[in-house]
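Written below as structure tokens is the structure these notes are about.
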Amino acid sequence: MENIRHRYSCEVAFSDTDASGWVHFSKILTYAERAEHDFLASAGVAVFDRGKGGWPRVKISCEYKKPLEYPDQIEVVLGLDHIGGTSLCWKFEILKNGGELAARGEMVTVKVDHAGKVTPLSDEERNILEGTG
Amino acid sequence: MENIRHRYSCEVAFSDTDASGWVHFSKILTYAERAEHDFLASAGVAVFDRGKGGWPRVKISCEYKKPLEYPDQIEVVLGLDHIGGTSLCWKFEILKNGGELAARGEMVTVKVDHAGKVTPLSDEERNILEGTG
Amino acid sequence: MENIRHRYSCEVAFSDTDASGWVHFSKILTYAERAEHDFLASAGVAVFDRGKGGWPRVKISCEYKKPLEYPDQIEVVLGLDHIGGTSLCWKFEILKNGGELAARGEMVTVKVDHAGKVTPLSDEERNILEGTG
Amino acid sequence: MENIRHRYSCEVAFSDTDASGWVHFSKILTYAERAEHDFLASAGVAVFDRGKGGWPRVKISCEYKKPLEYPDQIEVVLGLDHIGGTSLCWKFEILKNGGELAARGEMVTVKVDHAGKVTPLSDEERNILEGTG
């Protein structure tokens, strides 16, 4: 992965699992979203302001390598792969209990305003994201 | 239950289950909410309008009698138990595969405006709800 | 999309939405899973048997084209794109209120036994899936 | 609340919210469950073992006092109110950003074996829970 990295830790909740005994595939993607939100917040970029917009996903892909179960410890390794005019491309790896790769993928988010309209990154956002990148 | 009844049917989704093999208790409550929304919509009462408010729950209780699993067929039997000045009290029973009682409970919802402030039912809402009641 | 198609309809639940006002991206993927399960069940292939295995996802990708909101009507158009030795590749389109493309993607599922071990499709499963394909 | 207390902290995830802008009522209950699991695990009581049973809820009630939103910090104050032959009664308070009461409720869990059958607490479990109680 690229040289910018953010690490986010959490724990599998029992309610994230399904009847297979493993974490449901859709919940694994929410771990990546939480890591992205944690990164943006820690960098000083507004994640979501009611009535002011946010960063919805327009594309996502994920490969599931190893199942997760309750109560695994999760670490998400997140990298900002590309800063576009109105979008960000993130790569993520989800590690299980301190090591094994459980999943990896990409997500493209776009900046939208209060009405959900795609809108350019502000200079401030770009500076912050390039700076941390 | 009281004499007003609404019946709502749905199916357990695999993503509603947890590692016990059964439907997670929190998801069972969403079946009751879906039944309430279905009832309001069918009666002509606005369920939720972005920027215009809705009917959040202020109290809920539920007894779980029989576990549900994928792919059970669900029937929610919903009754409007009480119409208050700003609130509604609902009773619900959740039936499994056409008969067995899986859960039963109550929920109290309040009407809120666009700012989340509790607000009286409109005359129109009252007429509709008393009419169907 | 390929010539085999299955259509699955459902409705956005309020609990599928997030604070942006739109359906959360992870929930949209569960609509695709529900369509796949509905297809398999209708074709006579076991979706999930506790202690007997199922069809976990090993890869997923999705492009989000148009946001969904409560109470949109959803139609999932599902196609079985490829039948492998131990895996199935599905394509899906998610349509909003009878027409507009909301999302489209792919998911690869593998057959696993009761212990979660990847295992070949049975002849019966292959016959059914090729027959419907 | 009674004299035994466990405190569990977490953060509202964006995926816990709904289109009202606030956390969905059903997700608030999962915070209480996570606190209970955290307490049991820290006390040395098995929360869930695949094929060995767990502690499903048979009754839950909750009053919602103050809405939660992303990215509120949550603290769950959990108390073990009663130890029965096969059941535990928990009380919980959910605090918002270090103070305000967001919700409070009770949940009754029962011990079940691998087959989902209600079963008495073991002496070891009772000793641990009375000891911490």
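Letters A, B, C and D name the chains as they come in the text, with residue numbers starting at 1 for each one.
Operating definition for what follows: a contact is a pair of C-beta atoms (placed from the backbone, for glycine too) under 8 Å apart; a residue touches a chain by one contact, two chains touch by 3 or more.
Worth saying up front: this structure is predicted, and the values here are computed from it rather than measured.
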What's the chain with its C-alpha centre farthest out from chain B? A
Examine where the copies chain C and chain D touch and state whether the two sides share over half of their residue numbers (same) or under half (different). same
Would you kindly tell me how far, in whole Å, the mean C-alpha position of chain C lies from that of chain A? 23
How many angstrom lie between the centres of chain C and chain D, each centre taken as the mean Cα position? 33
Between chain A and chain D, what's the gap in Å when you average each chain's C-alpha atoms? 27
Provide the list of chain B residues touching at least two other chains, using ranges where the numbers run on. 14-15, 19-22, 26, 30, 33, 48, 50, 69-70
Chain A to chain B touching residues, read off their complex: 14-15, 17-22, 24, 26, 69-70
Mind pulling up the chain B residues that touch chain C in the complex? 13-15, 21, 30, 33-34, 37, 41, 47-48, 50, 69-71
Chain B-touching residues of chain D, taken from the complex the two chains share: 19-22, 25-27, 29-30, 33, 48, 50, 54, 56-64, 67, 116
